[in-house]
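Each of the next two complexes has subunit A plus one other chain: subunit B in the first, subunit C in the second.
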Partner chain A sequence: MSVQLPPATEPAPGPIPPGEADGRTAKARTSRLRLTVRRFARNRLALFGLFLLVLLFLGAYGGPFLTKWDYQQHDFLNFLSSPSGDHWWGTTQGGVDLFALTMRGLQKSLIIGLLVGVLSTFLSATVGAFAAYFGGWTDRVLMWIVDLLLVMPSFLIVAVLSPSFRGSTWLVFVVLLGAFSWMITGRVVRSMTFTLKDREFVKAAKYMGVPAPVIIFRHILPSMASMLIIDTVIQVGAAVIGESSLSYFGFGVQAPDVSLGTVIADNTTNASTYPWLFFFPAGCLVLIGLSISFVGDGLRDALDPNAAGAKARSHRKKSGKKQQPKRAPSATAAAVPAQTPDAQETAS
Partner chain B sequence: MGRYLLRRLANYLVLVVVAAALTYFLAGLSLNPRAKFEGRNPPLPASSITKTLDEYNMNPDTPILSRFGHWAEDVVHGDLGKTIEGDDVNDDFGRRVGVSTRLLLLATIVGSLGGIAVGAYGAIRQYRLFDRFSTLASFFVLAMPVFVIGVALKIGATALNDGSQTIKVLGEYDPQYAGQWNFDALVNRAQHMLLPALTLIIMQVALYSRYQRSTMLDVLGSDFLRTARAKGLRRRKALVKHGLRTAILPVVPLLVYNIVLLFTGATFTEKTFGWHGMGELLVDSIQKQDVNSVATVGLFTAVLVLIAGLLSDLLYAALDPRVRVR
Partner chain C sequence: MTETRPTQPTEAADTAQPVLAVSDLTVSFPSEAGEVQAVRGVSYAVRPGEVLGIVGESGSGKSVSSMAVLGLLPESAEVTGSVKLAGRELLGLGDAAMSKIRGKDIGMVFQDPLSALTPVYTVGNQIIEALQVHQSLDKAAARKRAVELLDVVGIPDPKRRVDAFPHEFSGGMRQRAMIAMAIANDPKVIIADEPTTALDVTIQAQVLEVLKTAQEVTGAAIVMITHDLGVIAGFADRVQVMYAGRPVEAGPVDEVYYRPRMPYTIGLLGSIPRLDEARAEGTARRALTPIDGNPPKMVDPAPGCPFAPRCPIAVDQCHTDEPELTVAEGAEPPQALDSVRAGETPLTACHRAHEIGAGLDRDAVYPVPVLPEAGAIERLPRAERATVLELDGLVKHFPLTKGAIVKRTVGTVRAVDGISFDIREGETLGLVGESGCGKTTTLLEILDLPSGQAGTVTVFGKDIRGLNRADRKGLRRDMQIVFQDPMAALDARMPIGDILAEPLKTHGWDKARIAARIPELLDMVGLEPEHADRYPQEFSGGQRQRISIARALALEPKLVILDEPVSALDVSIQAGILNLLDELKTRLGLSYLFVAHDLSVVRHIADRIAVMYLGRIVELGAADDVFAAPSHPYTQALLSAVPLPDPRKERERSRILLSGDLPSPADVPSGCRFAGRCPKYSELGDSDQARCREEDPAAAVLGPDHTAACHFAAAVDVVESAVAH
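And now, the complex of A and B:
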């Protein structure tokens, strides 16, 4: 799974080159990449977010090796004991070491978040681009499905379906979460594709006989790579919260598996008297969300300097008023990706 | 404008019907009401279980299409069927909508006005102390699932109470005040309402203020605001009348959708604080394998989306003169 990590969290090597690979020189590519990295690094909050995220990953996968306790092991001498040198974060009612348990839950929450983020962005990009590129009935049918999925109460549907994947793998859960979180971005991709499809490079490819799917995946989608990258990051955050919410009621990750949601749910009954049972896992959950929104914000500013993000604005102001008029023509195009990430949060 | 709205309405209606039907099919196929009866002690004879299930139109052995036809016919006649306990879903539904309304009314008003105020003020005083603090705080809140906020507030209240019962953490009112509306009962209700309302308000202020801040920032640099100031309007008046009014527009659909959908979306708040509203029904009905109640929640949510869609179209038209001209 760690293979999946770089594209979703860092602007670096992964996703940008494909966008630039066509028709631009290698020099232009490195310079834009370097520019993005530099802009990102200038944003202290974003760097801090990235640092936190890396730390969480290291903790989730390295943490269990640091402690002698296993998340399935019961310490029968310590029930509900408070944090100590022996049990760093205390123990649960069943005498399970909370640190080991939380790290295990953190692993699952992070993986599910990542997979759902990638899946839902892929879905929204594909559906949105195909709908707009082909237009006509394809567009109508696909957009009707989008409307329908938006009307359907997603929490209810996933919860209702949860008994049918009890006992099977948690990957089913990933697919379900992904299936209900792509619609709003899908609409944004669609409207962006509408403007892109009349551009010369798309028309040229079309009249050279390049098949439509190739045009979409090689020419259209890479042109909105920055928006898609940002969206993936935001979706990861939304998915982590969505996953934990469903798991909290027992509709998500099932028994042998542990996620932060189930860890918190199992321990809320004792939360008032033994607050650490709540604060450690909940704190991890909040840290994931915080770090992801910091990284997402930094990425948005770094990749899309025209976006209406707050930080981008400050750079504009600093660089003088000359740049203000420049914004006008691209204002609509830039405003769209800037608003998606926020819109996603409501969807969750 | 009228024709446009009518077409939207027709489209929404079809969507509602399809969404409600799909929810019913999914619930009917995936839930197992029989298990609810089989676990009883003393055990019930299989024939009587089947009879009860048939009576409630929940027998998994009846073909789903026939069950759905039965359900749809009843719903069209205003009957939502029986719950798994044998009560009318209608009564339960009515009671729960009342509970949710009482919880949400105040919380949404305070939450949305607060969110707009915080966001707009933060934008005007960009990068000042207030803005930095509110931005960081809303990031923090948005990183938390609702149940985390709820439980954290609960823990905080327990610590604050210190053994007394000033802030109540469970239920809508104490049982002895049931059905009463005198002063004591109202105080009691207020004590119960504090925490869940606070949870909802915190969530909403955090969410709306982010949007409001970014739209307000867009407006602040605009020419028409400078014109308004140039023609001699006071700063405050220009900001409120020309700035805020324009900046609220893009936030309106979001506000409407969120507020309307809170009716079933306040699940975590209602569950955490033991309010028996619609949100609680969403979780409870699934856990009880109560097909008819699940279907009701699905139908209700779909109708809410319809209402929200129309309401936001209408509100948008009312607030934005440009839409009316078209």
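And now, the complex of A and C:
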């Protein structure tokens, strides 16, 4: 049986001889988390993204210790100086060291972006899935809320509310941004749940007696994991930009605190003549987006058992190598019937 | 391979000149994993008026080869060999040239009649289009011909129906319309690719009848591709069995069915449950002989016979040399070369074919699995066993609503309209009926444990109406389900171990017990404990269904509800699952509610049978009684429509053909629901007919365990009728 079928993909069925089965001790199964981690680790791009993300975090929090400058300190000898040994990324119009400033901004942007992305995706997934799974009044009420939030001008509301939380923690800002960015995804999740809830594996779980919230979090939401992960990535990007635009108008992160948004906004006037003022903070913004999307792709493939990228690589290599030499005999076999009938008759 | 090549016209064979001759056809597709060799050398020839059946399991290349003949494969496919239509080479013709042939000289009937008709044009327009493309007919003439064609294929009231849209047709009528289009231009060959697979048995019988009529009208040759050995047995003159892209056995139907020489054919015939299964009084049922393993992957096939890894009598040579399709030794010697050309001599691709023909006993090729002895519970008389599930007058109606804002009820769909049955311990009740009869609704009604509408459902002696949440959860532990589609029933994102652990976790098992239980479960259904780490898509369909069964059995339930558990599987795999179910039932003392549309499968596995029609049970009783003496006209029609994989019996049987289709459950006729289609009704006198029309028949008791809801119930033997005498 093993002659024909590679045991990795097509396990041989058929009953096991009883003696063999008895002798075998129950081996501990590999947990699902470890399987996922292993599959994630096989994806080089995802590992690179993760490495980049870690590097950004390290830079954001460790970077300020590497330089003697502080983001609030003004160097009155260097206004708008280009990158040099003293100021690695140059200085701003006010003589502030750009490296220190960007690293500080990166801290806020990373945290706010990630938190808002995760929060809004979680909200949309939960609300959308619950609404669709339970249907009826749950669905109606939740969708009213969604529609209400959709028609509210979120930017204005955040702007109006911002004076009232001025001085308090920036976490309020995260909650506000998150609360206004989940509705569209929520509707998408709802419609996807409608189709998923009639799938047989969901019904099977239901008839097993699995409680509804567990079904939602164990079966329904993981089935749309790729959509949710991509959505998180988009939300992170959108949150960083949203935070930047709010900060630009003075509603977001407040001075003396800085974010990447405020750093870019403050230097827009000089960006064309002193390009490093734009390139370094904007480059960090791009790196955030890039690293998160790499990690997101990797996670999606690791969670999706059909993804080719996460399968054991040795297996792929083997089959790839086999192809060339193996094709030769089969090609000749196919060539035989293609010959003239007379030649074939003599051959057989 | 060489023997069936009928290319050069010879003086003697002129009368039997093949109209379509395929020789050494190979098809390969590029794919991610490598080159897929879908077809590896198919040769056949059909003469006018002849029916060639091509049988094979999914992936055997039977459909691909027909697509290659029609030139309908994607550009990426590489096709070699030769396809000659009345002497003209078709391979290598461009699409424009092929279009002139398709639909004119070669008619096509596809599996899915819904997707084969364009939904936005009327059926008539599509037939008219088919006519006008190939013939210079004016509109009026084409329309007249379209009406004629619809009449030929038995569409009632064709003058009016010609203007109907495809969605207004039922599945059977759509397939008739497809056949009308296929014969519109008097084709020389009709290629029918699984023409009845998507249809119910009674409709299948009608459509096969229409295909026969179509052939008589046009005198065309038919190439019939199917996986159903029963359909071929009664329909085809010659048959070709395909495996792994090659024909492995070919010959006249009788020869292949009664004297198969290729182990695969023998296995295939042994693995199908049969309606005419002989079951002597009191003896245990016959175990089916499954073929172990799975069909090979068509990428990088290993050398040797592709069937060798699954073959019980493979010898060393089988693993190294692939056998050619040759005249089987031990077969009747070919009288003349012409006979070989015409395909009258059986051909086999097996190194040991001569032994099978002579010394080797066919029945001994496959070891018959031993089913365990009937358990203590199964030996008890039925009346003494505990009742597991009891339905009494269960009703499920759905309101039909209209209107976007204010919903008003405009009608009722009577999906389930008062059904009663009970299942005792250690018993299998087969619930059969055609699609739309309410089987699935009944199941869901039992499983949802609802509390609305009329009727009672009693599970293990408890009426589910009065249950609280905890009791319901407890009931769920004792009642589990196995779904039809093993691909959809397992969460693709969870490894097998987690899937099996889910019911255990839900019902509060601790980790150590779960870890011990999972290998036990996998072992029980014939899988390896190591498989727990793999994901469902790494398994084949049959293995996935085993996993589904393992999950259903995890909590040691007493009742397992099986919703068409084998209808998505190939026959050779299906046999293994049916044997497993049989074995588990005896070992674990289970009761099954087995829902299926395939009567042969039900015949094999069920102890009792309930036949459903339009939301009602029309006949209920012990399986042996119902099959031996079906008393409701609907049961009789249903049984007579099931094709037997036995050409001789098939030819001698007379079919009870039902007229029309299943009425909509939203518009249930008054009186007897079946009266409108009943073959018996038309034979009755006026007063009796009035009774059928007005009075809803109650279940009439016909025996100790046999009831039928018919005013004039009378037993008719429809399975064996002609053969027995």
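Going forward, the second predicted complex is superposed on the first by the 201 of 348 C-alpha atoms of A that agree within 3 Å, B and C clash if a C-alpha of one lies under 4 Å from a C-alpha of the other, contacts with A are read in each partner's own complex, and residues count from 1 in each chain.
One rule holds in what follows: a residue touches a chain if its C-beta (ideal position, glycine included) is under 8 Å from a C-beta of that chain, and two chains touch if they have at least 3 such contacts.
None of these values were measured; they are calculated from a predicted model.
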**Request:** Look at A:159 in the shared chain and tell me whether it touches subunit B only, subunit C only, both, or neither; answer first, second, both or neither.
**Result:** first
Touching A:237 in the superposition: subunit B (first), subunit C (second), both, neither? first
* Looking at the overlay, does A:286 come into contact with subunit B only (first), subunit C only (second), both, or neither? -> first
- Query: Regarding the shared-chain residue A:35, is it in contact with subunit B (first), subunit C (second), both, or neither?
  - Reply: second
Subunit A positions within both the subunit B interface and the subunit C interface are 308, 338, 345
Subunit C partner, complex, touching residues on subunit A are 1, 3-5, 9-16, 21, 24, 26-30, 32, 35, 199-201, 203-205, 207-211, 214, 218-219, 222-223, 225, 303-306, 308, 319, 322-323, 326-327, 329-330, 333-334, 337-338, 341, 344-345, 348
Subunit C residues touching subunit A in their complex are 1-2, 5, 7, 24, 26, 28, 32-35, 37, 40-41, 80-81, 292-294, 296-297, 300-303, 306, 308-310, 319, 322, 324, 447, 472-473, 476-477, 479-481, 483-485, 488-495, 497-498, 502-503, 506-507, 515-516, 518-519, 523, 526-540, 542-543, 546, 548, 551, 555, 576
Residue positions on subunit B within touch of subunit A in the complex are 11-12, 15-16, 18-19, 22-23, 26-27, 30-32, 126-127, 135, 139-140, 142-148, 151-152, 154-155, 158, 207, 210-211, 213-214, 217-218, 221, 254, 257-258, 264, 267-268, 271, 282-283, 286-287, 294, 297-298, 301-302, 305-306
Given the complex, residues on subunit A that touch subunit B span 147-148, 150-153, 155-157, 159-164, 237, 241, 244-245, 248-251, 261, 264, 268, 271-272, 275, 278, 282, 285-290, 292-294, 308-310, 313-314, 324, 335, 338-339, 342-343, 345-346
